[in-house]
Amino acid sequence: MAVSEPIAVAPVGAAERLEQTWRQPPGFWGWFKNTHHTAIGVRFMVTSFIFLILGGILAALMRFQLSRPENNLMGPDFYNQTFSMHGSTMIFLFAVPMMFQGFGVYVVPLMCGARNIAFPRLNAFSFYIYVGGGLLLWIGYLLNTGVDTGWFSYVTLSGPQFSPGKRVDFWAQMITFTEVSALGVAICIATTILRHRAPGMTLNRMPILLWEKLTISMAVIFAMPAVMVVSSMLLMDRTVGTHFFNPAEGGDVLLYQHLFWFFGHPEVYIIFLPGTAIVSTTVAVFARRHIFGYVPIVVSVVATGFLGFSVWVHHMFATGIPQISESFFTAASLMIVVPTAVQFYCWVTTIWRGKLQMKLPMLWIYGFFFVFLIGGLSGVMLASVPVDWQVHDTFFVVAHFHYVLIGGALFPMFAGLYFWIPKMMGRMMDDMLGKVHFWLFFVGFNLTFFTMHFLGLHGMPRRVYTYLPEMHWGTLNALSTSGVALMSLGVIVFIVNFFQSRASGELAGDNPWAAGSLDWATPSPPPSYNFLEPPTVNGREALWEALPNQPIVGGLRDDVREVLITHSLDAEPEYKEEDPGPSIWPFITSIVVGIVFVESIFTPWAIAWGAAPVGAALIAWMWPKGSRPLRRRVEEKWSV
Amino acid sequence: MIGVGPIAAALLIDPGAHSMFGGASTQASHIEWLYWLIFWICFVVYVLVIAAFTRAGARNYRGDPGMLPVLPKDEAGDRRAGWFVGTAVVVTILTLFFVLVETVITGKKVESATTSKNPVTINVIGHQWWWEVIYPNPQADQTVTTANEIHVPVGKPVVILTNSADVIHSFWPPNINGKRDLLPGYSSAFWFQVDKPGIYRGQCAEFCGLQHAHMGFSIIAESPEQFAQWQQNQVKPAGDPTDPEAQRGKQVFLTHACIMCHTVRGTDAGSRFGPDLTHLASRQMIAAETLPNTRGAVAGWIVDPQRIKPGTQMSPNPLAPDDLQAVITYLQTLQ
Amino acid sequence: MSRCYQFAVLATVALSLSACKRETREFRPVPPAQNVLNTVQVSGLNPGANPVVPPPAPSVYQESAYAVSQGQTLYNQYNCVGCHANGGGGIGPPLMDNNWIYGSEPANVFATIMQGRPNGMPSFRNRIPEYQAWEIVAYVRSLSGLLPKDVAPARSDTMNIKPAPESMPRQTPTGITGATEQSK
Amino acid sequence: MERLRQRPVLDVSGLPTVVFGPANIIWLGNLFYMLIEGTMFALLIASYFYLRTRVDEWPPGVHPPYLWFGVINGILLIISFFPAWWVQRQAPTGDLSKVRLGLTVMVVFGVVCMVLRGYEFTALNVGWNSNAYGSIVWTLIGLHTAHLITEWVETVALLAVTFSPKMEGRKFADIGVNSDYWYFVVITAVLIDFVIYGTTRLL
C-alpha cells in the first residue's frame, strides 16, 4: 500500500480518545468483563504461578515422607493422592498455562504490534474455564477426593473396579477443562500471529518467539484432542459402563497408553518450546547481536513440533512391544535431539560473536544451559531401549524429566519473568535479590534432583510411598530432600523481590533492555490500546532495523475499537476488524459449562439436560447486542 | 570401558543386591555395558558444550551497567559460524547414529536368549500386592505353586510368562534384566539366564495402588541340583503335623479366616485369594519380601497386617495368644 | 484478583456437599469383639444355632465407595458367587431382586452372613472378620440399588453378565423380616 | 516517545470492514476448530480399528448395525451439501431473502437428519455397555450427533439473526463460514457411516 510523505502524527487528544475507546471496564463486574489480552495474560501467569507454589508444597511433602526409610509422615492413600496431584498440577495447571497461555497471551499481540489478541472473548473464556478446572481438582483434593492414580492414571488401576469413588472422575474432568482452555488460547494465538501482524512483518521477518508460539499452537490443536478423547473414554468406562479398557469384553489397556502418550509426548514440547522461545529472544538481546541462524532455528522448531508426534511409544518400551517398532521409536527419539542441538549451537555462536551482558534474565538462561543439557543427555540414555528397560519408571526417570521440565521450562520462565515483568509493571526487578534467588534455586535444584539419578540406577522405583531400610536408599534420599529447602527459599526471595520492586523498583521506561522486538515499542505497562501509533516493520528485529523515518499505520479510528488485519504471508493490510470489546458472557458461559461438566461426574445425563443452558449461553454470547450493529450497518464497507 | 565400572561405583553408595550394576546375568551385563558406553559419550558432550558456553560468555564479557549498542551485521563471521554449526550438527548426527546402532545390537543380544531350547518355564501372575509363581507341568500334581520367591537354576535359560490378575504391574529384577510390564489381557515372555548363584531382589516398577511400595520378590539362583531338589520338595502336599500344638494350630487355621484366602495343599484350605502356604516355611520372607519369615514377624503380620501394609488384602486376625502361637507353630511345620 | 478466586470458590462450593464419607478408606477397622471370634466353631453348617444379635450397622460401610468395592472383591473371592451367582441366584436365592427373605436392613443381611440360614446358607462367623462382613453387606445391598448411586460400584473388569449396581434401579424391598419365616 | 515528529503514514482508512471467505479471521478460527474436531474423529476411528485387531470376530457376536437408516441419512446429508453451498454463494451479495431461504432449507434438512439419526441409534444391534465394540460405535455416532445438533442450532440462531433489526454485514460473513462447518459435518458423517456400516460388512 502507498505510504504518505512525512506528516505530523498523533493529533492532539488522540491518546485520550483511544484511552476512552479501549478503556478496560472498572469495578467488580468489570473485572469479569475485561477481555484485553494484557489483563488476561497476567491473570494466566498469576494463577499458574499460584498453582506452581501449591504443586511445590506437595513436592516438599513427598520429599519429607521419603527422607528416611519406613517414614510414616503420611500413609499410602494420602501419598498417592499427593504425588498424583503434584504431577497433574504441574503439568496441566502450571506448565502449559504459564509457558504457553501466560506468556503467549501477554507477549504475542504486543510482538505483532496489534492492539488486542484475536477472538478476545474466547481468550477470556479460556481463562475462566482453566480456573474452573484448577479449582475442581484442588477442592477435590482438600475433600479427600484427590486423584490417586498418578497424573497418567493408567487403566485398569484408574478404572471403575480398582478406583472406587469419584477421585479419578474429578481428574478426568479437570483434563477436559484445562484442555478446552489450551485449545481456545491456541486458536486465539495462531490467528493473532497469522492475521494481526504489523504491516511489513512478513513470515521471514517474524521474531522466532512468534514462530515458536505458532508451532506450539498447532501442536496443541493436534495433541490435546487425544487426551480429551482418552479421558472421556475413561470417564464413560467409570460412569456409564462402557468397555473401552475392559480386557474381558474386548477392551484394551494399551489403547489407553497409546492415546495418552500421543498427547503426552507432544505435551513435553508444548512445555519446552516456549522455553527455547524465551532463550532465543533473550540471547539476541543480551549478546547485543542478531540471533545467528534464524532460518535453521525456525526449521528446527517446526521440525520439533512434527517429530514430537512420532516418539510417543518410547514411554511404552517396557510393555513388550515388537522389537522392530522399538528400534523405530528409538531412532525417532534420537532424531528429535538434532533440532535441539541445532538451536544450542546457534545460541552458543551468537553469544560467542556478541558482547554478553550478564543481566538477570541471562543468568537464568545460563542456568538453563547447564541444567537442561543434563536432562537432554539422560534423555539420550532413555531413548536407548535396553537402558530404558532398566531405568524406566525409576527415580532415574524422575531425575531426567525434572531436569528437562524445570531446566527447560522453569529456568526460562524465571528468565522470561525477569525480562518482561518490567514491561508488565513498569518497574525493574531488584538485581541483588534476583541473583540470590538464582543461586539458591540452582544449588537446591541440583542437590534435590541429581541424587535421584543414583537412586534410580540402584533400583528405587517411582511412586513408592516408602522403602525398606535394607535398600540403602536412605542417605541419598535425605540429601535429595535437603535441597528442597533451598529451592523453596529461592522462590520466597523471588516473591519478596516482586512485591518490593512493584512498590519501589526503579522505573523501567519503554525499553530497558534496548531490545529489538515490537513489545518494547510502547510504554511500560502498555496502555489499553497497546500502541498509540500502530507500527510497521522493516526487519526481523523491528526496533534495531527501523528506518530513521519508519512509517506508522494511520487511518484506524480512535472512537471505535478498530484493529488492522493483514495478510498471513506478506502482512499486507487487508481489512479492518472491530474488536468485540468487554463482555460478561464468556464468564457466564464458563460457569454454566463448568457446572454441567461437574454434574456429569455424578449423573451422565447432565450432558443431555446441560446442553440446553450451554447452548443458550453461547447464543446469548454471539447475539448482536447494543447499538454497535446498527452503527456498523450504516458505516460498513463490503469487499466482494 | 573396563576401568569405568569401579570409578563410577566409587561415586555411588553401596548398591546392595538390588542394582542394575554388577549384573548377575548375560542380559544385565550387556545392558550395563551399553549404559556406560552412552554415559561416557554424554559426559564428553556435556563437558564440551558447557565449556563452549562458558568461554563464549567470558570472551567479550562487559560489566557495563547500561545496555551496549547492537553489533553490526558481519557476513564473513556469519559464514565462519555457519561452518562451525554445520560441522557440529554432522558430528551430532554421526554420534547419535552410533548410539542407535549400539542400541539395536545390544537389544538383539539381550533378546537372543529367546531362541534357546527347552528353557525353565515359569508363570508369574501379578496380584495387588504380591506375585503368584507357578512352575507349570503337564501333570497337575507335578505343578509347583508358590509366591514371591522364584527359584531358578544357574546357567539355564529361563522364560517368565507374565500375566496380571488385576492392574498393571511391572516385573523388574535389576541385577538380572530390565523390566517387563504385566498387562491385564496380555501375556508376554520374558527371558533371562542367571550366571552367578545368589539371591537377587526385584520389585514392582509400575504404580499399582496402595502397596506398590511393598511389592517385592526375590530370584534365588542355585545350582541345577539344588533347584531340582527344591522342586521335588515343593510338589509334595503338606504333611500332617505330629506335635500336638501344631495339630491344634492346623485346627485354628481351618476354622478361622485363614482358610478363606489361603491354600495348604493336603488340607481343606483351597482358596486362591492369597498366596499358597503349602511350603511357607521354606521361604525366607513373607508379605511380598517385606518381613523376614520369623515367628515374631509372622505373628505381627497375622494380627495386624494393616499396620505394616495399609490397604493390603490380608485382614487383621485378633486371635487369642495361644491360638496365634499354635497357628505359627503349624505354619513353621510347612517345610 | 483475589475477589475472583473468592467468587469462583463460591461457584464450586456445591462440590463440598458431595464428598467426604464417599471417599473414606478405612484400612485398620477397630478389631472385632474378641468373644465373637475366639469361640472356635467346629462345623460351618449350623443354621440358626447360637444366633448373632446383629449389632447396629456402622454407616461408614454403607457410605464408602471403597468399602463397597472391597465387598465386591470379597463377594467374588469368598465364592458367594458359587450359590448366588452374580446376584442372579442359583443354589441360593437371587440378590439383585427386591425379595428379601430375611429383611433388607444391613443388620439383617449381616446376621444372615454371620449366623447362616436354613436351606444351605452356612454361617461365616469366625471365618469372616466383621468389617469384611459389613463390606459384603454393603455390596449385596448395592446389587438391588439400595445404596446411593455415587457409592455403588460401576462395571468391573470382568465378563459383562449383569448390570452394574450403579445403574440398578432402586428396588423397594419386600419379604418379611425375621428368621421365623422360611423361603418358599 | 517524541510524538510530534514528522513521520510517513501508511493510511489504512480506506480498507473494507466486511470481507468473506478466507480473508475473514472467522474463517481461520473456524478452520482451527474443524482441525481440532477432525483430530478427535480421526483418533476415535483409529481406536475403532485398533480394538478390532484385539478380537477375532467383528462385530463380536452381534449383527452389524441395520444398514438403511444410516445410508439414507448419509445420502440426505450429502444432498444438504448443496443448499449450504448455495447460501455461501449468496451471502456476499447481501441478498437477505435468498440467504433466509437457504438457511431455512438447511434447517429443515437438519431436522430430518436428526430424526433419522434417532432411528439409527435404535438399530445399532448393540448396547454401549455390552462390549468394547458397542462402546466405540456409540461414541463415534454419539460424537457426530453432538456436532450435528450443534451445527443445526447454530444455523437456526443465524436464521433468527437474519430477522433481527441488528442484521449486519459481518453476520453475512458468519453465514458463509457456517456453511464450511456444515460441509465438515457432512464429510465426517459419510466417514463414520462408512466405518460403522461399511467396514463391518465390506472388510
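Going by the order they are written in, the chains are A, B, C and D; count residues from 1 in each one.
Definition applied: contacts are C-beta pairs under 8 Å (C-beta built on N, C-alpha and C of every residue); 3 or more make two chains touch, one makes a residue touch a chain.
Since the model is a prediction, treat every value here as computed from it, not as a measurement.
Trainee: Which chain's mean C-alpha position is the greatest distance from subunit A's?
Mentor: Here the answer is chain C, farthest from subunit A.
Trainee: Between B-C and C-D, which chain pair shares more contacting C-beta pairs?
Mentor: B-C
Trainee: I'd like the Å distance between the centres of subunit B and subunit D, where a centre is the mean of that chain's Cα atoms.
Mentor: Result: the chain centres lie 51 Å from each other.
Trainee: If you average the CA atoms of subunit A and of subunit B, how many Å lie between those two points?
Mentor: 37
Trainee: Just the number, please: Cα centre separation of subunit C and subunit D in whole Å.
Mentor: Those two chain centres are 48 Å apart.
Trainee: Could you pull out the residues of subunit D that touch at least 2 other chains?
Mentor: 129-131
Trainee: In subunit A, what residues contact two or more other chains?
Mentor: Each of 75, 77, 156, 161-162, 237, 240-241, 243, 246-249, 251-252 in subunit A touches at least two other chains.
Trainee: What are the residue numbers in subunit C that touch two or more other chains?
Mentor: 25, 27, 155, 157, 160, 164, 167
Trainee: Each pair of chains that touch: what are they?
Mentor: A-B, A-C, A-D, B-C, C-D
Trainee: Within their complex, state which residues of subunit A touch subunit D.
Mentor: 1-10, 118-119, 122, 183, 186-187, 190-191, 194-195, 199, 221-222, 224-226, 228-229, 233, 236-237, 240-244, 246, 249-252, 255, 258-259, 262, 510, 523, 532-533, 536, 549-556, 564-565, 568, 573-578, 611, 615, 619, 622-625, 629-630, 632-633, 635-640
Trainee: Report the residues of subunit C in contact with subunit B in the complex, numbered from low to high.
Mentor: 25, 27-29, 31-32, 34, 37-38, 40-42, 73, 77-79, 126-129, 131-132, 157
Trainee: Could you pull out which subunit D residues touch subunit C in their complex?
Mentor: Touching subunit C: residues 129-131 of subunit D.
Trainee: Going by the contact rule at the top, pick out the subunit A residues touching subunit C in the complex.
Mentor: The contact residues of subunit A facing subunit C are 28, 31-32, 43, 46, 75, 77, 131-132, 135-136, 139-140, 143-145, 156, 159-162, 164-167, 237-241, 243, 245-249, 591, 594-595, 598, 602-603.
Trainee: Help me check something: in the complex, which residues belonging to subunit B touch subunit A?
Mentor: Where subunit B meets subunit A, its residues are 11-16, 18-21, 30-31, 34-35, 38-39, 41-42, 45-46, 49-50, 52-53, 55-57, 59-64, 67-71, 73-74, 77-78, 81-82, 84-85, 88-89, 92-93, 96, 99-100, 102-104, 106-108, 110-111, 128, 162, 166-168, 170, 172, 174, 177-181, 183-186, 188, 190, 201, 203-213, 216, 290, 310-311.
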